[in-house]
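Okay, here's the structure, questions in a sec.
Per-chain residue numbering starts at 1, and chain names A, B, C, D and E are given in the order in which the chains are listed.
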Amino acid sequence: MTNKIKTSFLAGPYALWVLICTILPLLYILGYALTTSTGSFTLENLTAIAEPVHLKSLWLSIKVAFLTTVICLVIAYPVALILHNLKITNKGFIVFLFILPMWMNFMLRILAWQIILSNNGILNSILSAIGLPTIHILYTKSAVTLGMVYDFLPYMILPIYNALSKINDQVIEAAADLGANWLTTFTKITVPLSKDGILSGIIMVFVPALSSFVVSNLLGGGKVLLIGNVIEQEFTLARNWNLGSGLSIILMIFVLLSMSIMNKVDDSENGGMLV
Amino acid sequence: MTKVKKGASYFYLGLVFLFLYAPILVLIVLSFNNSMSRTVWGGFTLKWYLNLTANDNIMDALGTTIRITLSSSILATILGTSAAIGIHYMKKRHAAIMLGATNIPLLNADIVTGISLMLLFTRFTPLGEFSVVLAHIAFSVPYVIFNVLPRLQSLSEACYEAAMDLGATPAYAFAKVVWPEIFPGVLSGFLMALTMSLDDFTITYFTKGAGVNTLSTMLYTQLRKGIQPELYALSTILFLLAFVLLLVINYKGEGRKEAHK
Amino acid sequence: GSDAEATDTLVVLNYGKYIESDVLKRFQKETGITVKYEEYEQVEDMYAKYKAGSINYDVICTSDYMIETLRNEGELIPIDYSSLPNYKNIDKQIIDASAAFDPTHEYTVPYFYGTVGILYNTEMVDEETVSSWDSLWNPEYKNKIVMINSQRDAMMVALEKLGYDINTTDKKQLDEAYDLLCAEKKYVYAYLQDETYECMISEDAAMAVCYSGEAAMGMEYNENLSYTVPKEGGNLWIDSWFVPRTCKHYDAAMKWIDFMCEEEAATENFEYVWYATPNTKVAAHEDEETLADETVFPTKETLDRCKLYEAYDDETLNYTTNLWKKLKAY
Amino acid sequence: MEFIQFDHVSKSYDKQLVLDELDLYIKENTFVTLLGPSGCGKTTTLRLLGGFEKPDSGKIYLNGNDITALPANLRPINTVFQKYALFPHMTIEENIAFGLNIQKKSKDYIQDKIKYALKLVNLDGFEKRAIDSLSGGQQQRIAIARAIVNEPKVLLLDEPLGALDLKLRQNMQYELMKIKQELGITFLYVTHDQEEALTMSDTIVVMNQGYIQQIGTPEDIYNEPENAFVADFIGESNIIEGIMIKDELVSFLGVQVPCVDKGFGTMKPVDVVIRPEDVELGYPGKGFMDGVITDCLFKGVHYELDVQCGGYEWLVHTTKYFEIGQHVSLNVIPFNIQIMNKPESEDEEVMKEDD
Amino acid sequence: MEFIQFDHVSKSYDKQLVLDELDLYIKENTFVTLLGPSGCGKTTTLRLLGGFEKPDSGKIYLNGNDITALPANLRPINTVFQKYALFPHMTIEENIAFGLNIQKKSKDYIQDKIKYALKLVNLDGFEKRAIDSLSGGQQQRIAIARAIVNEPKVLLLDEPLGALDLKLRQNMQYELMKIKQELGITFLYVTHDQEEALTMSDTIVVMNQGYIQQIGTPEDIYNEPENAFVADFIGESNIIEGIMIKDELVSFLGVQVPCVDKGFGTMKPVDVVIRPEDVELGYPGKGFMDGVITDCLFKGVHYELDVQCGGYEWLVHTTKYFEIGQHVSLNVIPFNIQIMNKPESEDEEVMKEDD
């Protein structure tokens, strides 16, 4: 018992670190959010979210993030299931197959997507070579969604894979034993038992997708204005840090709200996000 | 029946990996492109690879990147691992608070994190390489913690007690029993921190001092006037290095398992 | 934090890929000054970093209207032109044009300049069509038009088409321009700034509003490309050196600016950057063809059609920023 | 053809042969126990019948139909798994209702069944509890309840009472036998607890290393083991090498003793098996052999003695206490002397296994 | 002062009192077993002695020294944990050598010890194997080996044989007793297997719900249980409410029967305890009561009968087979009738526990 208390002091440096490098910067942002450019107190930067432009881009962000999350889930679940069934003993290997692409610079990878998706790009060349009609996808919302799916897919696969590998095989057998066919077993047993992983995955994808701006900058052709872009532009183009901070705070509150709703769905308390 | 199923699942896996690795293939091809434009195929060349070491700017940026990436991920790993251990043994409520705070960097848009850290650092220290390292630690520590914590949670308390029972001091018991169990988590946390640090642009950009260039920031400032193809070559080399390293580690891991059997 | 006291260092901030690295090396070698060379990609990033005061820059190169903004904010320090022996190399015409943002002519030294116009593919569009900004509203080129991803430049295009002054602060005129841009959005393939020339090289688009420098780069790779400044007129931009208030090494900064004006350095830089140089000595080193290239060196007629931007006052800046945001969200 | 029939079923894992040409017949509505040391293939046999493994060769029939290739969910067979395998995300009620829901039974029917099953396993009122709030023994009982509500034709139970303590185990044994009688289910039961097997079964199948050693009623198995492995595994025995001199006379440890077995031929080497409780101790000289007590352990119901006698250490159970060092005589009535052929193959002789 | 002494030790978890003012004395070099139903506090007692928990109040002495506050690693005590707690990343060899390495023993010494310990637990040749390649029973034996190589003064064993089958369990019981004699270690042993407790112990401590019910030799505990809980927990018993009419005469189920107990007073309500093997069956009318057989189970060594008689279902062990429905008489010799005071507190009466 006493040992435990002693050990928890190991988190001391980190607590200090959190205070300085997480909380303090957050206070700076909060400070900007609650003041005007001349330094007097205001709530305008927070209420600015109600302006049609901001609402519109927030709504678009939610739509894109939601779509991204759904697509990631749909792609990732079978992947995790297949990987699980392959019975690879070395879990670390799986993890690294998915984060390995990050060793190529993110921006380069997105540029590569431009090359693949553009009107005369690789994808359309292949399509026309096999006699299919070409598609116009680059610089549309679809391209932004695709880029986000690409970027965040690993964060969906890994937690689901981990959750699946914690399921006891015998439970699956027991379901079959009680007469459940493949589908019933899947919906009644496998999915509920991997719920924690799915929820982590959803959070890990939805949250960054909501605040992302680089993907929409590079694949949206400046036509897709997400709330992340608005914030970025307030900080740079418009030189209005106060408004940028205000919108960031609102976005954070929004994220926290949606996370706590999701955590309500998940009754178990689970701190870990990734694994 | 099962063969068809197996075939279908391999096909599906293949598609997903194609999706993940297609851009990388494109970039590797580009690194052999004898043209400054990325949309024009100017023939096959190795010159970007051969020129690489002669390009001071890129070599400088590479050096800076390696220094920043390594030191930030090592420090983040140390800080994160000890934090994870501490949090694991904390009271539930305190642990929840710490984890909540840990989540904040993951929730914020990069640019907000970047600018807020810049505001903080300019108060206390001149910007330079060191400030970038601090910033990188700030955003990669959560990944370390979230990799180590589950390991600790699945660690059986009984093993630690058994070690104590056999006469080990707490420190010895930690080194011999706890550490080997959480090490895979520490390692993957470290590698994640490394990768994140390597890949980051936004936060680096705002927290770096004058004249400090990482590969990411260098790439970004070259967007308008064309990216130096040497950078494709360098990225390819880095990627392949990581890939080979992964294969070696995996092969070794398998080998060790075999030996045990 | 010792770099503030050190006399033999210089902190330079410049656009990315805007200097020949040999020139940089040569400067350090010849003067014994260590340069901390910092690059940025977008003017706005530069402004954010500068304003944060995190780094004490000694000398900065940036675009005209941003210099004006900084001047209005009292961020500039006068240049001691007498300590710049090579300043005489700079084209008088460009110095005169700089009056738009440096009316008293005490703060800036021009580095490169150019225009904003249309880069087009002669296979897809004929010269006649692109001779007017109207071509950008032509439904025939739906999804073949690349608009410039810059608030000021896009506004300029719409204002020129409407026949208004590009520096107007009249909200009604700005609103009209905004409506016009909204109408254009459905034809636009993308709003780009960085990848414009790649997009044109690969013939993904038929025409693009872009800077003359980018246009020249694109034309190098695809001979079907051509560049023009439409008849209504356009924008002339000048990137210049200035010394910010944060300067700690004024003498070194002067040495730097002077070095940039030096014949040899300017020539090397020109050949690397390939933008129009205000340095009159460079011409002697270049062949006929280069000098005749209207994309690189705008003709007198073209320059006459073009105007420099003036810095917006805060209110107009806010107003246009909002319009731009609305356009993007439209 | 019998109700359940294994026909030359073989199964290996990683090239290690676990079951070798197994033939097994099970009558309807009987309680059959597979008994054998750890690793002998009991669970494997059960998993083959449950449909969780496919045999490498051979066929399995149920009610005359070849079910070798039938997937688990289509077999009218339910299993109580060795490690419970309850659904951790469901309440107890939902666990029990799982199979019934799949069969689309009515709500009322399901409620009744749950009530009934929980009562049966002595856990009424536990409907809404979460699985992880149960102790091991309680989980095992829920696993039983979950299986029996489906009224399967065959119920497979893999050491279902392993985690329970003696008292509870006895109660559950009793309940299981009641269930069998009430529901008319065929039970295939796996245990390595000999007493449990003897108590509950109609038929016991003794296995070792993938082979069936003996099939018979508990009395057969206990009283007339077919070989030394069975004799030793089912209860403790004194197993002594001897020679069958002629019908009804056997010689071992240097003495000749009358017995009731015949038909072994003359002067044939045999194993002589004598149960410890069948050895009678008397005053020295009163039996067929004399010996000395080397150990005396109190076992509750009886004392367990080691008696050094004729060069063999005899295991003897008595209800009386003897001093260590005391001299005694040994006697066994002819009826209690079991004569067995020497094992012919090496396999049959294996007695000690690696758990 | 005794070798080990618990002095008014109390312990609660989350306000739930698990041990209440426990007093316990253990002599050096004895084999003491804690016996009791699941959840009664056995493991907790062991953990207090091992140093993994601190008592809320009270003191623990070893060899006269107060060790209440001594950390686990400084106590000359080793533990075999209920769930093995082997180090999963080490080979078997490394696991066993762990404690010896800490004591900085020489390489040779360690090697010898490993060889010796593995031989003892019947796993020679397993040195290089990985932990997860072992079955439960093998792991348990490694856990024993790991503890004994350190030659502790006291060895704590928490159900060390739970995962083994009968044969192996008996072998290990034998080995443990041998170890105790050879090494002169004091054993504190936890089990809920009554027979195991009776076989191995010098002293048995019967616990229930945090209280000690009885301490004594196996014979004491079995033959003279101090209350109904002990009687019922140790072996099976018929426990019948009766009235002590006077010394040496008790009345139950409507008959008066002579017994040997005295000193209870007259007309006092008591519990009458009769072991199933002490009931003699005869022809109807020949005993003190008549009844009818309702169940007959073969148990190997004996048959287990249920006899409905005088409104009570008697449990009877005989070596003869009886038909269900047969009428019999019951007889018990006075010596085998145990008379017990009715429990005074509710606590003592609790007999059925939730696993």
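For this structure, a couple of remarks:
Criterion: contacts are C-beta pairs under 8 Å (C-beta built on N, C-alpha and C of every residue); 3 or more make two chains touch, one makes a residue touch a chain.
Computed from a prediction, not measured in an experiment: that's the story for all the values here.
Between subunit A and subunit B, the least number of touch steps comes to 1. Across every pairing of chains, the maximum count of C-beta contacts belongs to A-B. Set against the C-alpha centre of subunit D, every other chain centre is closer than that of C. Chain centres here are Cα averages; for subunit B and subunit E they lie 56 Å apart.
The distance from the centre of subunit D to the centre of subunit E, each centre being the mean of the chain's C-alpha atoms, comes to 25 Å.
Residue positions 118, 235 of subunit A each touch two or more of the other chains.
Multi-chain contact residues of subunit D (touching two or more other chains): none found.
Within subunit C, the positions touching two or more other chains are listed as 45, 48, 195, 198-199, 202. Per the touch definition, subunit D reaches subunit A in the complex via residues 50-52, 71-74, 77-79, 81, 83, 85-90, 98-99, 102-103, 146-147, 150. Touching subunit A in their complex are the following residues of subunit B: 9, 12-13, 16-17, 19-24, 26-27, 30, 38-39, 79-80, 82-83, 85-91, 94-96, 98-99, 101-113, 115-117, 119-120, 134, 137-138, 141, 143, 146-147, 149-150, 153, 170, 184-185, 187-188, 191-192, 195-196, 198-199, 201-202, 215-216, 219-220, 223, 227, 231-232, 235-236, 238-239, 242-243, 246, 249-250, 253-254, 257. Residue ranges of subunit A in contact with subunit D, taken from their complex: 168, 170-171, 173-181, 184-185, 188-189, 192-193, 195. On subunit A, the positions that touch subunit C within their shared complex are 53, 56-57, 60, 114, 118-121, 136, 138-139, 221-223, 225, 229-230, 233, 235-240. Considering their complex, residues 37-39, 135-138, 164-168, 170, 192-195, 198-199, 218-219, 222, 233-236, 277, 297-301, 304, 317, 319, 352, 354-355 of subunit E touch subunit D.
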